[in-house]
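Read from first to last, the chains carry the letters A, B, C, D and E; within each, the first residue is number 1.
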């Protein structure tokens, strides 16, 4: 093809642009005494990694906390989001538009608009500074993604399959377990990935509700990033990227292409 | 023996203001195939789902083998429905799909495997058990869906347009397979279709559903030759309709008196009615003298493949004939020809059935 | 006059190891409808896209009105292709859709409006111009797609299965519309289908595509009665095949000598070959003596609606006949009957065409 | 828990230690320095666990004001005995906020055995930015403001404020300071304020609007005058001291400064600053202060927090964190009151070459103003300079 | 089973959760923005906080900055993403890898990207060092200020970096569901390559592009930590300003913070309505296509 060379060139530029900001982070994480105008670090050192991985820094502990919070928020979101997605995907009913609007709202309204009020409520409930409080708070931005992705999944779901299973002798619970769940699983995974990532990168909600006591990775990273330790920041950044990449790798194939969910209503 | 009996079945879909099914009575004999025929939207699928227990009727009863199954959940009715699309479960292999119902019943894996293997052989899918559904062709998928239902040896098998998703070529093959399996296993079967040829070829009995009610229920050739109403006649491709008044075995019509068959029921043979004759029953050329001969002008011929359509005009009354292409080839538009309307091919539809 | 001429057209899809189209030669006369027929995957759509300029051939030439259009981009070929799905542009109204091509040509809005209005009238969509495509029924959408193509008055109109996405009922209507419009506007048309009845009804000429090559190209009845190969015969429902050797106007076959028609080309009338006769051409009952009479046993009858299939056995040779249901009704399985194989219905397929 | 502070005040120290055993302390503190974090989490945490079975949960924050806010919001919401925070590293206006808002647990410091090491007669200890401590917090470190420069880049740095201002004008783009209310940026502005007022003496004591107006006008004039000569022509200022440090590390600006000169040594160790970094105090004086730890009124773990405070105050711990390789922080206790061992330990400490010694800085020490002055100066800066 | 379960039961949990958290939070914010805080002795609701906020030049500057950031990021991202999507739709060597990088980018948290961007484009960052090595500059200050700058270029760059892949993936999914047949039809009807793109592909992509753009706009407008890391000290992005007012030790500033939050929420509602309007045709089309 004629344009192949040109396309590859453009593609290469794109690829470069996509990884460029990650390169200094990686270099910084092993750099020592890397000051302007040195193009590359004069010395390499593992001290940043040693510190980041040590118990003192709390980075690994934060990693655990962050993963737990994101996983719990995702699971909770799936629990309430799957039925809701089914209702929105399969039924036309009065007020459907309004419900959808309400569901999208938390994904679009800036977090600060919610954080202040939520903080006030959670204070009274004694939920501030607790992991559970943070998980609940994360549900607000996470739920829209889960629900809307599931709505798109169910919109393309043929309930005749469930009827078919019943007709073949499956009880309702069996139908869900053996037919519905496997059928929506790819979509559910996509929804879960987005939910996970949304919770994963929350900053302001965690800061306000967690009150600093619930130290998720973004908070830790922010502390280091604003204290001038570029090497530690680089190491923590890489640690922070890793789980998302893993989650993506787990379901990479499902994310590509014709996922209707992705096409319709995905964001953060 | 009566296998399935529907009595006064009525169903209005939520949101619909008209009942989809209105007081439907239908009896299906054990071991036979009944084709449920009707135009799109007539409610065929609705009837099937009512019987399968996937919809609940508003009124009426459904009995299987003499006992009402109305209160039973779908999984305990002994009724298996096969949908228009194969609806194979995509996450299971073909063998797992076919064994699905047995697994739901809690059968041991070994027995499931044996039965599934046997069944796959019967539908000529032997060796494909380990494939994924999306690795099957359309015909193979539909066969797998059939196997999945038949392996349960249901009391009643409901097939909802099992052929309409297939290529014409595959359709013939699948049709014979269904026939063979049904005869072998003697499963009482109701098959939905909106294709009349399919119904004719497949079924022992045809039940024609029009406007939520049973328009006629009879063996195929009866329904072709002796339609109960104009609507039934039209649905099966009837085109020749001659209004008139019958008396003493003769109908007075726009093309003169026509001798009626002796076999015509007395209720039809007297009084006003619409005479009908199938286009393929119109004889071109001189027939016997008692066969209502007429002179007709040939208006045009159209080659249709294995038949040709001949448009005729008897006086000012149009008639259509279906003849062998060889016959049609001898005709030229504008010529006159002798035709015959054999009395035994004539039928009278009483007035007032137009709406039925 | 020749409108379209394909010469040695060859196309291998990227990734395919076999050429989809292999040296295709095809000539379409101006103002006619040619049906391009073939099983699924035969490459029909590929041919259309090659002609429309949406694919580039690997070899061969495409000429329109005598000039090669191979190097022209799609928009300058004077060829318009209508796809199987209507593919109306969802963001435009029906009128804007129909006017799309004219707008691309830069015509003034007023002239576009006039032409679009006229065209919408012709396809009976008058008054629906302001609708959005998703507010149309399937048949309406397909009509709009047709209008969108016809309004451009193309030199060549390509219709890729324009009816297959429609209900059977709508199909008849649409088929007549296409015929009417085509005759009125005298647009040279190639219509793809995989349904033989459709091809027969629609087309002046049928081009049968098998395995990437032209298997036969002839008027419909020729293709039925004089198939060029066994494959062609089988594709159009041929079932009666009798191998034998012909000489001096007679074929020696398993059922004895059969008188051949005088009209048979000399190349076929001498030497080994396969005799074929359409099932609808088999005459039941005593025919004229020169019509190859035989005695046959009736094996079975099947009611097919407007015809019945009769399975016959002449000696040990099976034959199939299609007759009027009235005729079949007089037969009982096991009885013997006289049949005739009229010479003018006989045809010989030379040996060695099985692969074609 | 041990939320009831009044009950604790009635107990003996041994009883308090007993109460604290098995508990947890949530210590909220600035978490941007790995050495400090390591000292607290590893060293202090281990001792606390070993000797008292207390779990130390260090909560790193970017700014102590966040913590004040947490406690404040809790109070507003009526959370009086189940607060999030048990201990804060704090001083200055944040302390004032806590005290004014009745957010601090007070009047218990006498109970700590190591309180005896603290010289409460020293006004720089007994007053936190001019606000009397009143037993509401326990001193931890003393610091004094200092400038850092790269001796390879600027061999002869300016030695007093006037010289510095001249240097800035002579070297466009090579100097800047973090925008107040950044803690360190704010203290730099106060040095200019002192300079403009002709010394600190007149400003000590409660806020005086007239005095403020006079000095402030001059201050803004000076700062606006140097603005065009600042980094990026003063169009923008670093948001945080960390940004200024980054600018200095990369040679973008010639100076950084800090309230805690030991930070310079730590940055050199981490490879962030060049080895040739040196630090100094201005000859006309630099501001010094003390920082403290404070127990919020609603801490549910007051006993454990008190045990921790007592531990931090011990001679051993004060010595440990004074070691340059550990942190290099100056003690907040009277070394003379400690054991001979500790005393010799202090004597043996060799300062980091990049860190100006506390004695050197102490020669020209300036007091902090009361917090009202600070607030006024910060607000004034935002309105007059940094807009 | 269709038609059996009442959708209300299926929706109830999500409505309870969102109502209990999201709506209640907004409600509380609203009440407090009217300076109704009994704990502080404020029992007479008034509009003083709004008056104070709306008349403060700082607020208006912040609002302007945030709108500028959101608008510039969105426009740039949308245009670049359109190009990237059209490029990635084709096959060419290396396409797979880029596709993977696009997805990978989706998983990188904004904060990490922001730090990376800082290390990349700051005046002492990687680019500046390259410029120095190339002899283009001799001191960091000569490198253009791309971070902590008045035009928030660093912030915008970060958003472009993050959102281009995001929009591109949405566009690719849309392109895939649109297919090539409409374009082929257009060509066959006489449209040139450009006309087919301009009059068919682009309009069909538009709903998806616009809806995605609203999401990007909303995010860029409402993010807190990114402008805090990369933005200038003044004016601050609106969310930063609001949060700092909220955490001001002076409790009197809180109603103002709440008022800002309400104003931000109102702007968010505008974006929401825009999204609903833009995304709907797409959703409906999806339904009809089935």
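Here is the rule we go by: contacts are C-beta pairs under 8 Å (C-beta built on N, C-alpha and C of every residue); 3 or more make two chains touch, one makes a residue touch a chain.
On a predicted model such as this, the values are computed, not experimentally measured, just so you know.
Comparing each chain's Cα centroid with the centroid of every protein Cα atom identifies chain A as the most central. Comparing mean CA positions across the assembly, the chain most remote from chain B is D.
The pair of chains sharing the greatest count of C-beta contacts is A-E. Per-chain CA centroids place chain B at a distance of 59 Å from chain E. Look at where the CA atoms of chain C average out and do the same for chain E: the two points lie 56 Å apart. Separating the centre of chain B from that of chain D, both taken as means of CA atoms, is a distance of 92 Å.
Among all residues of chain A, those that touch two or more other chains are 35-37, 120, 163, 166, 222, 226, 230. The multi-chain contact residues of chain E, meaning those touching 2 or more other chains, are 1, 124, 140, 246. Each of residues 66, 76-78, 243, 246, 249-252 in chain D touches at least two other chains. Within the complex formed with chain B, the chain C residues making contact are 39-40, 167-169, 194-197, 200-201, 220-221, 224-225, 236-237, 278-281, 302-307, 322, 324-326, 329, 342, 344-345. If you check the complex, the residues on chain D that touch chain E are 65-66, 68-69, 72, 76-78, 93-94, 97, 101, 173, 179, 231-232, 235-239, 243, 246-247, 249-252, 382, 386-387. Residues 181-182, 184-193, 195, 199-200, 203-204, 206, 284-285, 288 of chain E touch chain C in their complex. Those residues of chain A whose C-beta lies close enough to touch chain B in the complex are 158, 160-161, 163-171, 174, 178-179, 182-183, 185. On chain E, the positions that touch chain D within their shared complex are 37, 39-40, 122-124, 139-141, 145, 148-150, 228, 231-234, 246-249, 251.
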